[in-house]
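The same subunit A turns up in both complexes below, where it pairs with subunit B and then with subunit C.
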Partner chain A sequence: MGAYFLVPVAAALEFALRGPNGTHSLAAFRDIAAQPELVPMLTVSLRIALGTLLITVALMVPTVVWVHLRLPRLRPLVEALSLLPLVVPVVVLVVGVLTAFADAPNLIKGTPAILALEYVALAMPFSYRALDAGVSAVRLPTLVEAARSLGANWPTVLLRVVVPNIRTAIVGSALLTTALVLGEFTMASLMLFDTFPTWMVRVGQQQAGVAVGLSVLVLLTSWALLLALSIAAGRPRGATSLFRRSS
Partner chain B sequence: MPVPTGGGRRKPSAAVLGLVPFFAYTSVFLVLPTVSVVVGAFTDSAGRFTLGNLSAALQEPYLTALLTSLKLSLVTAVLGVLLGALLANAVVTSPRAVLLRHVVSSASGVFAHLGGVPLAFMFIASIGSIGLVTRALQAIGLDLYATGFSLFSFAGIVVVYVYFQVPLMVLVITPALEGLRPQWAEAAHNLGATRPQYWRYVAGPVLLPALLGSLLLLFANSFAAYATAAALTNGGVPLLPIEIGSLLSGNVIAGQENLGKALGLEMIVIVAALMGGYTLLQRRASRWLS
Partner chain C sequence: MTAVTARAVRQQQAGTPVELLGLRRRYGAVNALDGLDLTLVPGELLALLGPSGCGKTTALRILAGLEQPDAGRVLVAGQDVVGLPAHRREMGMVFQQYSLFPNMTARDNVAFGPRVRKQPASERRRRADELLELVGLGSHGDRYPHQLSGGQQQRVALARALAVSPRVLLLDEPLSALDAQVRAQLREEIRRLQRELGITTLFVTHDQEEALSLADRVGVMRAGRLEQLGPPEQVYHAPATPFVAEFVGAMNRIPGRVVGDGHVEVLGQRLEYAVDRLRSPGAPVEVLIRPEAVLPVPADAAATVVSRSFLGPVTRISVSSPQGGLVLADVSSVEAAALAPGTAVAVQLRRHPVLVRDPR
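This part shows the complex of A and B:
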């Protein structure tokens, strides 16, 4: 079963390392590093990822916490809205975005800012789920009451009590969001923006080896990060277990 | 009278204010674009109500695209469910292999979510005309491309799609498989049931809603996918998302400016129906497997 994942990765590595006349060398990775557009394109995508992350955390953490504390009745509605991107395919959402924001100021629709704003929405099914699971796993009302009765104001409660308790969930949703931004091709290419994935496809049309090498690097990096998080989150918890439901 | 815990007795109207940012954000960046697609689908270029877009969307060449998309989704969903369930079962039943589970679940997450473009390139390297697997098969006398296979055809897309369908299946079915209690197998065994009988009469019926739900989810996932096919075939295989993309890129006939929106509405309706069915089946599945 392991072969299932490993064969394409191994084949891609072999392909990327393939030199002329059946030789193999690390030249492809030198070629990758030598791409003049690599750093600019990676920078664009990382900046989009950072923007997406900041908005996601600032918007979703308070929302999920608030729903759990005060408005559990509205939880199905919030969940349904966050799952909407699973119902509206990205390619269709692009059509809508181009129509709905046709008259928006150029600052929004003409810069990759619109991508970050939409990626927040595209990531919601994962970010909401991850945060919701994280918040469900701690005794939030108890923690918040304790902090409030000790005189903490709401920002303090959120930043110094809630966030540290759900940091694994926050890191998890951050990683999935970053992976989404670094791999998202549909919206970026159809809205004619140049990002890391669209650049990769363009390079792949002339230098397949470079694009294949990049694909392997991106996949292995994301996988290593997710694996590290998965192991870190799965280790037995000592002191914090007091606040976790046993179920 | 005891003081209500959790501070939940403020006026609900004030509490709702806390969700205004979320509702505002999703309204502007999700609901508004969706509504503009739906409204546009029923509007002609002069802004009047029409059903013309929708009827054009159900004629050639878009009918072929729709049928090809449905066929692709069905084939890859069935393959994804079968292979994914087998893989997930192998992982769940492997004794104490905690690390293996971490490896498989994180790899599944990457393949299922990052998917698309990197996956397409990895397959060009594997079973493209000069890929490693193609060459290995040639070395043992099997010429993949002599059979008429091409990575850039329907069959090729099926192979690549299965690679993001299987990990998604692993992710969604693992919780259900973990919910199968060992006591059920033991009880069945003690009552004299054979292993096939256990799967046929105990585990099978309990898992059935989860499996059917996963089938719908995978179907929707493949139906909605654009990036892989676009990066791989450059529009060579007619699929509904590809047609919408090429209408967006400017191949528009005069008077049919809103045709893309009609195709979009068609996709939304189909995916929404699938996801609705998935939700119902998930609810049914959680009755036993929670």
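This part shows the complex of A and C:
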């Protein structure tokens, strides 16, 4: 099983390190740092990622919580709906978003900001599942009712009881979303925007080693993030100094 | 733990009267509440008792504001609170499931209500510690829920509910997830606290022993309505209906027949019965008799002891009699020594009015 993931990564790494005449060197990684467009492109993508995950969290957390509290019987249906972006071809999503936002101000339509909106939809299968699993793991209805009977209004319930108890799931869905944005090519290129992934593909056409090296770096970074996440999540409650806030 | 602390915790609540009037609630085809009327006297502990699914939790949740009635009124201190959201009803609630906030220490859990009410940090901390002391967990304030036993968690939940000085305390089977010993102990403690604080309390349970031992009054529910409401002794000794008689305590159902002027004949003896409606002499009935009203005495008679199980101070004997079938009898364990299985006995019945019902 492990080999299935490790072999391609190792091969990519080996390719990135490969120099002329069968030698190996870190030249490709030195070239990465030398790319003038690296930082601007990465900034664009990270900003899109930030926008995407903010919208995702603001939209999905109340939705998932609401479904769990008020429409528990509709959970399978909502889950199926959340999977739609996986089966709808990207082109259709693009056209859909373009149509929906045809009258939107240019500030949204003409900038990569619109990509964030599309990525929210694209990331939904992952973000929804991560949040759904997190909410299922705590007895949310009881906790919410306890908080309500103690005098908390809905905003307080959400901020003081719901969010702290599904923090790990929120971080998880945020990470998945970020990883998706940092690797999404089709949509960005269809929309004619320059992002980190499209730039990487362009670079790859001239300097294959640099592009592959970059993607290995991105991959390892997201793995490190996911690992950190699962370690934090695995620790018992009350022992996580990483996330705990005293009140 | 002391009365002094309790007095300090008690603020102004001199006990609030509560009235539920004609409550109705349907879930699809199920009539969870079918015109429930219930009045709680200020400061009393009323246990709502009934079989699973009879609507106890629904009634309690409507009082808490967590559920809306289809019809009916809820009066707290004379004011209609239907339409008032849960967070403004000032009721303390303890749930059957563990419901502490897992991300907070015991102290922060107890201080949650005061915190939501924007009390100063030092004051709510003092109050939380006081209440934890009151439920016997003074030294556990820094523990997280997962570091507490089930019984301790329910104590913290009780302290948390009391921290908001509720007008009414609502307990929905708070002990049912605990083992027998902890349950008995915590039961006593709830009773003591409730008395000291004088809070009107609704205690929902399907455990009749719990209801009888804890409550000032017991309300027996059946299919969304109140079947009988009264002190534990009355519900037990003078059940208003055969349903109450059979639900509260163990009950024998022995075939007999009406012999006129309010008497039945059962196991060859004449007993007075509580007349619920006119029955003609000779009509076959089932007579409801408590095991402790049955007295098997060794004799050269047709009934025999079938089995004997030791319950502590009393021993339950089951006797097979030719007219009555299998009859249960609770006798003091000392007397039971003479009643080994196989012993021939005569079954005597204590002279006490009985309930009858039509045979099935």
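Basically, the second predicted complex is superposed on the first by the 207 of 247 C-alpha atoms of A that agree within 3 Å, B and C clash if a C-alpha of one lies under 4 Å from a C-alpha of the other, contacts with A are read in each partner's own complex, and residues count from 1 in each chain.
Here, contacts are C-beta pairs under 8 Å (C-beta built on N, C-alpha and C of every residue); 3 or more make two chains touch, one makes a residue touch a chain.
These numbers come from a predicted model, not from an experiment.
Touch criterion met: A:204 reaches subunit B, while subunit C stays clear of it. In the superposition on chain A, A:96 makes contact with subunit B only, not with subunit C. Within the superposed three-chain model, A:148 lies in touch with subunit B and with subunit C [touch as defined at top]. Number of subunit A residues touched is higher for B, counting subunit B against subunit C.
Common to the subunit B and subunit C contact sets on subunit A are residues 145, 148. Contacts from subunit C toward subunit A in the complex involve residues 64-66, 85-93, 95, 97-105, 108, 112-113, 115-117, 144-147, 157, 160-161, 163-164, 170.
For subunit A in complex with subunit C, the touching residues are 138-139, 142-143, 145-153, 156, 160-161, 164-165, 167, 236-238, 244, 247. Subunit B makes touch with subunit A in their complex at residues 5-8, 10, 12, 15-16, 18-19, 21-23, 25-26, 29-37, 40, 83, 87, 90-91, 98-99, 102-103, 105-107, 109-111, 113-119, 121-126, 128, 131-133, 163, 166, 220, 223-224, 226-227, 230-231, 241, 244-245, 248-249, 260-261, 264, 267-268, 271-272, 275.
Those residues of subunit A whose C-beta lies close enough to touch subunit B in the complex are 1, 4-5, 7-12, 14-16, 59-60, 62-63, 66-67, 69-71, 74, 78, 81-101, 117-118, 120-121, 124, 126, 141, 144-145, 148, 176, 179-180, 182-186, 189-190, 197, 200-201, 204, 208, 211-212, 214-216, 218-219, 222-223, 226-227, 229-231, 234.
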